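Presented below are the structures under discussion, each in the form of structure tokens.
Each of the next two complexes has chain A plus one more chain, namely chain B in the first and chain C in the second.
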Partner chain A sequence: MAVIELLAPLEQRDEIGAIRPRSYYREVGERLRGDPVALGSLAVVVVIFGSAIGAPLLTTYDPLQGSILARLLPVGSDSHILGTDEQGRDMLARLLYGGQLSLFAGIAPVVISTAIGTIIGAVAAYFGGVVETLLMRAMDVSYAFPALLLAIGIAAALGPGLTSTIVAITIVLIPPVSRVALSATRQVVVQEYVEAASVAGASPRQIIQYQLLPNIASPIFVYTSGLIGLAIVSASGLSFLGLGSAPPAPEWGAMLNTMRGSVYVAPDVVALPGLMIFVTSVAFNVLSDCLRDALDVKSV
Partner chain B sequence: MLGILMARRLVAVVPALLGVSVVIFVMIRVLPGDPLATLLGAQGSNPADRAILARTLGFDEPMPLQYLHWLGRLLTGDLGFSYVRHYAVGELIGAAIGRTAVLAGAGAVIGLVTGIGLGTAAAFRPGRLLDRAVSALAITGMSVPSFWLGILLIILFSATLQWLPASGMAELADGPADFLAHLIMPALANAAITIGLTARTTRSSLIETYGEDFVYTLRAKGLSDAQILRHVAKNAAPAILTMIGLQVGYLLGGSVLVETIFAWPGLGNLIYTAILARDLILIQSSLLVIAVTFILLNLVVDMLQIVVNPRVRRLASA
Partner chain C sequence: MSARQSLLSVRKLRKQFPVHLGFRRTGMVSAVDDVEFDVQAGDTLGIVGESGCGKSTTARLILGLVKPDAGEIAFDSEHLNALAGRERKAIKRGMQMVFQDPLGSVNPRMSIGENIGFPLRVHGYSAQQIRNRTSQLLEQVGLHPHHASYFPHQLSGGQLQRVNTARALALEPKLIICDEPVSALDKSIQAQVLNLLLDLQQQLGLTYVFISHDLNVVEYVSDYVAVMYLGQVVEQCSSDELYRNPLHPYTRVLLSSIPQVDPEARRTSAPVTGDIPSALNPPSGCRFRTRCPLAMDVCAVERPVIRHPTAGHAVACHLYDSDTAERSAA
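Showing the complex of A and B:
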């Protein structure tokens, strides 16, 4: 190590010749750029996002407007590249627009539950004692349910709709995120700089905000990035069961359910919405694995 | 010592069961859904009808009292009455639960055997081609939506090859061939995620154990690979055992989607039809039954841990 540092090129030194400390995130970025699997999965994610957002530019068809004369056309038809569904609506348009709902329904719960779960875990670990017991015991209750079933129960009680699925999946994801935040915070809270901040008169809120949160961000980020694939599959699963956004709105899971009756007539077209869910979920899961390696976080 | 540990774990089940009952009660009564409106249908606007129904169902009592009454009925085995189906919920669930157990059991066997086998093979030589292939397969299994995999299986084996029936269940008494023909596709669709997660967990906990000092000692002593694997497997067993308990939970949860696709007449299908009919009491009683099963399964797994694993015993008694 010492030899390498002595040989460090000039551009890595500051004005008095000392070696510049390398930014942690810059190093992570470099590791990711050198990883073809990470780049490939990132490219897939970007393309899926881009095609969902850019749907109006990529197709001229209306995802809600069908034609009785053009029902269940196969993949590769002249005017409908990916065929049409059971109501004669263009499949490509429905898949592109469907991405908007499906991605939102999967990613929103991860973002919200990350915010809430991190605060719960950090507060529990910082204060400890009764606060920790109360918060974490409440979180433990959800572990008595298989996750998907709890989400189904909550969404069913709230009534079908996009908001219900988002609320349901958010509630299911908060406890595991808070556990990860709890164990990450426990490791940080004993560090000397936290004690120093406390001695210097920082309030609990300031300590949590400026000392704890930045230092538990990496493990939490790695963990929650691994939840996106799962959340997208779960959200489309809830829609498949009729608990998500209602037809005729295009949503991958709901499309799969309304079309599965045509499985003998147009199997290739029926399989498409599920393929989108699958590819999106694989891409996010692979990307999350690469992030875990690049950030060098031990699994929590 | 063993007895005290097991008793302590047994007592811990009580708060879990109470927690589950509170969550499900909150789902039924406190969340903004209106069970009365669902039951009354078109007459929902008549306040007199509402009041009568609320009184009959005990909805006019204060919430804590409603909870206690409901809990009391549960303890006597009364799961409620489905006003949508005009049938006792307990009977509907009783008929369906065995069929779900068959499907989840088959999924567990396929998923755990394949997953543990693949994970062990991968951990043997990390980084090699086989390991990479297993890792890729594991992430595929974890990512694939079971309801889509089910449809793909139907497209391949029912629509194209016409080998297997696309839906329904056959009784074992009517012939094992027909029974298996109906079971294999839903069990596979349900098992995919278990294969993925099990292979991954088995692989990582075996690799971790292979790196421990005692393995070097064993190698230095000149033990064969097979003998070393036996020692390593014993040490990695607790982590794998815990995961098995969780997997059965996933399989029960996944059953809703898979049973819906294959028209398998189990609890999952019951929940799906209850969702379509907005039959909240049926949904929540089914969830309650599944959650209680899940808690008891994990209890069994933890009991096994205490018996099998000396480290858990030492840790808990310290």
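Showing the complex of A and C:
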């Protein structure tokens, strides 16, 4: 009896329902759940996000309203846990509200440049030839400038402000994202399922949307999630240089700028915005590395 | 070959690929050179040849995945070159393809059902229609409708080749081009998939162009066989005739290379020597002459034209030049 079962064709042996359908992303989720480093960095990111969004619930102080009498109080003061800045504003409130601006200035450019860069790279690789040459050589122009210098130049040309920071960083990030998308698409576009879609009569847009994008998403996701840390540092850097959010807005980089004169008076308080930038960017980078492992992407 | 209308008719099909070395174009590879054949509705044409002989390129030229340099492809009495846009899409849904690599030919991010339903989605069917048709197709190829929610990495090679077949059937094509559909499978699974293809042909009245390097497989499925060598069809006739009475020296060498189970039945013709010459710089005259045990002086000079030593048996070889001449003189 047992022998007969063994001899039965393999295809008939697996009983329907014996295995559950498992999509790629379900497996990725299971792998992430088993990784303590991923869970830890994710927790940090969630706490930073949550505290930025929930700032009005977490503090009663106004981040813009200070008291001349309570300037540069040290960390651990009675009514100001994290002290006050040079204008007597509560540091905790400023850091919490500042998170809203800093995270937005870091994440928005990454999201926008991912969308644009992915489409440019995928279109270039799918059509090849002249289309690829035109698109990718245009992208190459930006490599003639050091990235941060280019961002400073664009932000300076657009005039200071949160929007110009976001635009500048977006423009700087599009070329590298499009390159990653290009090389990822090149590997996918030669697969037989792309030919099969073409035989079925799919248009180039349908092939790119349904066959290419889902298959290049994970390497691109790994790459761009690593860019969030960089973008937050860059956005803070531009603000520090006076090209981002203008004071008195509580942006982390701008806070470092306005408080740098007080570094010898209250070094612990002055270091706080820098610490936030550091922790946030490291958390995103660690999470990105864990994603790379979970998504099983060999290298980017 | 017969009075019946050909479903697919290929004339003077030619394709060359440029070869680049750095920025310089150093030459052209002649992948397909003046290939001609007809396939009648309901028949199976087998195309055999060594790897690199242009079998797969021929398939891709017919399906429009690669643009031909020259030649006519007529499908269902419509000239494909003359059509564009919506008309072309409408005609082309009549010809579909089963690919070689079971795993590589299904989108790993789509479920089996989404993969099979994709051609229907492209042609604008509703979600409900796609779901119904997908379950029907899964049963038709010997899988269970529940397989629709599985993902490609959860299925075996044989199961995936069934999925591949179901996807090719989705648009109810008349012609299916099978490009080495069983080469990546184990022998035992090969038989299952081949029998499935033959059953489907009977049930649905399908026409196949069946590409393979495996002569046993081609003999099993084909009504007619075309033998290709370096981009050219060197011999073409019915399957029975080819295996009983091969005329071209290349075909004879190919057939004698089939492993035989019975030692008594083993043929002892001269084995072919040397590698297949580069298509970048093919030999003058007859392309097979460098490896041909029967090569003559004329083979280096003149390209052999297609002769018909017997009715329905086409061969391109100088050995049959006089044969045909005598026949027509008599």
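Note that the second predicted complex is superposed on the first by the 281 of 300 C-alpha atoms of A that agree within 3 Å, B and C clash if a C-alpha of one lies under 4 Å from a C-alpha of the other, contacts with A are read in each partner's own complex, and residues count from 1 in each chain.
Just so we're on the same page, a contact is a pair of C-beta atoms (placed from the backbone, for glycine too) under 8 Å apart; a residue touches a chain by one contact, two chains touch by 3 or more.
This structure is a prediction, so every number in the text was calculated from the model and none was measured.
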item: Touching partner for A:G201 - first (chain B), second (chain C), both, neither; value: second
item: First, second, both or neither for A:G242, with chain B first and chain C second; value: first
item: More chain A residues in contact [chain B versus chain C]; value: B
item: First (chain B), second (chain C), both or neither touched by A:Y24; value: second
item: A:V130 touches, of chain B and chain C: first, second, both or neither?; value: neither
item: Contacts of A:Q191 with chain B and chain C, given as first, second, both or neither; value: second
item: Partner chain in contact with A:Y210 - chain B first, chain C second, else both or neither; value: second
item: Partner chain(s) touched by A:L69 [first = chain B, second = chain C, both, neither]; value: neither
item: Contact residues of chain A, present in both the chain B and the chain C interface; value: none
item: Chain A partner contacts - residues on chain B that touch it in the complex; value: 15-17, 19-20, 22-24, 27-28, 31-33, 139-140, 142-148, 151-152, 154-155, 159-160, 166, 204, 249-250, 252-254, 256-257, 260-261, 271-272, 274-276, 280, 283-284, 287, 290-291, 294-295
item: Chain A to chain C touching residues, read off their complex; value: 9-11, 16-17, 19, 21-24, 191-193, 195-203, 206, 210-211, 214-215, 217
item: Chain B contact footprint on chain A (complex, rising order); value: 137, 140-142, 144-150, 152-154, 156-159, 229, 233, 236-237, 240-243, 253, 256-257, 260, 263-264, 267, 270-271, 273-275, 277-278, 281-282, 285-286, 289, 299
item: Partner chain A, residues of chain C touching it in the complex; value: 60, 63, 65, 89, 92-93, 95-97, 99-101, 104-111, 115, 118-119, 121-123, 142, 144, 146-147, 149-151, 153-154, 156, 158-159, 164, 167, 170-171, 188-189, 192
